[in-house]
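Chain lettering (A, B, C and D) follows the sequence in which the chains are written, and residue indices restart at 1 in each chain.
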Amino acid sequence: MIFVEIISWIFIFTGALLGIAGGIGIHRFPDFYSRLHAVGITDTMCAGCFIIGLCLQTGFTIASLKLLLIFVFLFFSCPTATHALADTAMLSGLKARLDKEQ
Amino acid sequence: MIFTVATFAILVTISLGLARALMGPTVYDRILAVNMVGTKTVLLIAVFAVLSGRTNMIDIALTYALINLVGVVAVLKFVEQGNFYTDGEDD
Amino acid sequence: MSYTVKHNISLTVLLFALWFGLSGLFDVLMLSLGIASTLLVVYFSYRMDTIDRQKHPARLTLQLLRFWLFLSREVISANIDVVRRIFRPGKNISPQLFQLPMTKKTDLARVIYANSITLTPGTVCVKVNRKAITVHSLSKESADDLRSGRMADAVPEDERDEET
Amino acid sequence: MLDTFIDITLLAFLTITAIAIIKVRDLFVVIMLFSIFSLHSAGLFVVMDAADVAFTEAAVGAGISTVLMLATLALTKDHDEKRPAHKARLPLLVVLITGAALVYGTYDIPSFGDPDAPAQAHVKPYYIEQSMRETGVPNTVTAVLASYRGYDTLGEVTVIFTAGIGVMLLIGGRLTRKRDKEDDR
């Protein structure tokens, strides 16, 4: 049991670190389009690690099923939201700051 | 113990997102930050529910994850209509 | 048995499983209420004509599972890459905006392809249509990785679906 | 201890968001900030163990009302709030006095979770003990709302339903007409 506990701690801790990394990322990156990628971290792996860690904590119950459902919904809605946002920004003429040496 | 760390980390992330939402500079940065805060709040509620043993509370996080989807569809609809937001930068 | 009937049945089973998973109640009154609401929703979706419009990707199940494994590996490695770029001091990113040819023929495969590009941090699909995908990527490396077509090859597609 | 910490942090976020809502002129950003505000409130309600209120806040506050406000914004032309022509001194005074009176009122409220409070003393033990047997609903709050106060809730739902129909007749009619015109072109 202590084994499962430790694994779930590792997952939650990784999720916490990734969340903070994403939070720092949206302040470190210079323009809107690159910030999208920083938010991508918090939407995908950070959320995933948290959910897996919590599932290990609750064990095989209805609660873990609900947690997995949350994960699935986030997994489908987050990229859609990101794409909609990027598309709108592009339509409105917001320029991306690109690398000059390409 | 680990839950304290997790809650603390999520709150830090939310505050970073909130700072971006307030600073801008463009409208899209703000929407992006709001999205992130939304996801983090779902996680915060889930973590708190498991932490306090009141697993019924996970339903709220689930509701919000679903509502998020509805919100995204609403935003998409406006994008499609084209009268959603057409200016470039604000401030 | 026609396609619609089969689809209605699978939808009913799926919805009821969802209801049961969310409520976890066993007594007769609640179960019958759950069945009633499931049937009501199936009837509504039948009336709203959503069932035939969207093809059920049941034939792709095995391929989809393999794809999800591939995708989760990609997502994890992309995450590590972006986190490294966040903490590397100085000039750490080289943003690119480029077009990829659209190799998929059905709407479903196009959506899966574009969504998986967005889902991996470091690349975001900005615009998608029948001919091409416009992608914004954080670095030259991830752009080259997408250009190599690894992601496009991994996306499952059922060629028997009619082209749209 | 952790509860108190989360409470204080979320309340601080709420204050910051509220100030930002007042400052920002762009209405779209205001709607986005409103949805953050609702989310933080929902989080607060969860920490205070008020699951049903948190449910409503997450669904109505963060979800439906955001969508409705976005829809309103799409129907209107101006996306920027106009600066008020004069300073709102008198309203500020009224708000301050009301707020002070409310804060003064909180001193008489029994503390959070006090077992001797009037709300805990009269009918609540009965509901907690008997509601499962009498109604068969697992959640006590739901049992009270939908069974013991069933007629009351029915009345409320009727009011909301009527209001919804009214709004749909007003706005929905306009939307269809607009679409018809576009088809004619």
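In this section, a contact is a pair of C-beta atoms (placed from the backbone, for glycine too) under 8 Å apart; a residue touches a chain by one contact, two chains touch by 3 or more.
Just so we're clear, the structure is a prediction, and the values are computed from it rather than from any experiment.
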Central subunit by CA centre of mass proxy: B
Chain pair bearing the highest count of C-beta contacts: A-B
Intercentroid distance (Cα basis), subunit D paired with subunit C, Å: 34
Centroid distance [mean C-alpha coordinates] between subunit D and subunit B, Å: 17
Centroid spacing, where centroids are CA-atom means, of subunit B and subunit C in whole angstrom: 21
Whole-Å gap separating subunit A and subunit D, where each centre is the average of the chain's CA atoms: 28
Shared interface positions of subunit C, touching two or more other chains: 22
Of all residues in subunit A, the ones touching two or more other chains: 22, 24, 36, 62, 66, 69, 76, 78, 80, 82, 87
Contact graph of the chains (line, ring, star, complete, other): ring
Inter-chain touch pairs (all): A-B, A-C, B-D, C-D
Touching residues (chain side subunit A, partner subunit B) in the complex: 8-9, 12-13, 15-17, 19-20, 22-24, 26-27, 32, 35-36, 39, 42-43, 46-47, 50-51, 54, 57-58, 61-63, 66-67, 69-70, 73-74, 76-78, 80-82, 84-85, 87-89, 91-94
Subunit D residues touching subunit C - in the complex, by the definition given at the top: 136, 138
Subunit C to subunit A touching residues, read off their complex: 21-22, 24, 75-76, 79, 82-83, 86-87, 93-97, 114-116, 118-128, 134, 136, 138, 140
Subunit B residues touching subunit A - in the complex, by the definition given at the top: 2-3, 5-6, 8-10, 12-13, 15-17, 19-20, 26, 28-29, 31-33, 35-36, 39-40, 42-43, 46-47, 49-50, 55, 58-59, 61-62, 65-66, 68-69, 72, 75-76, 79, 82, 84-89
In the complex, subunit B residues that touch subunit D: 3-4, 7, 11, 14-15, 18, 21-22, 27, 30-31, 34, 37-38, 41, 44-45, 48-49, 51, 54, 56-57, 59-60, 63-64, 67-68, 70-71, 74-75, 78, 81, 83-85, 87, 90
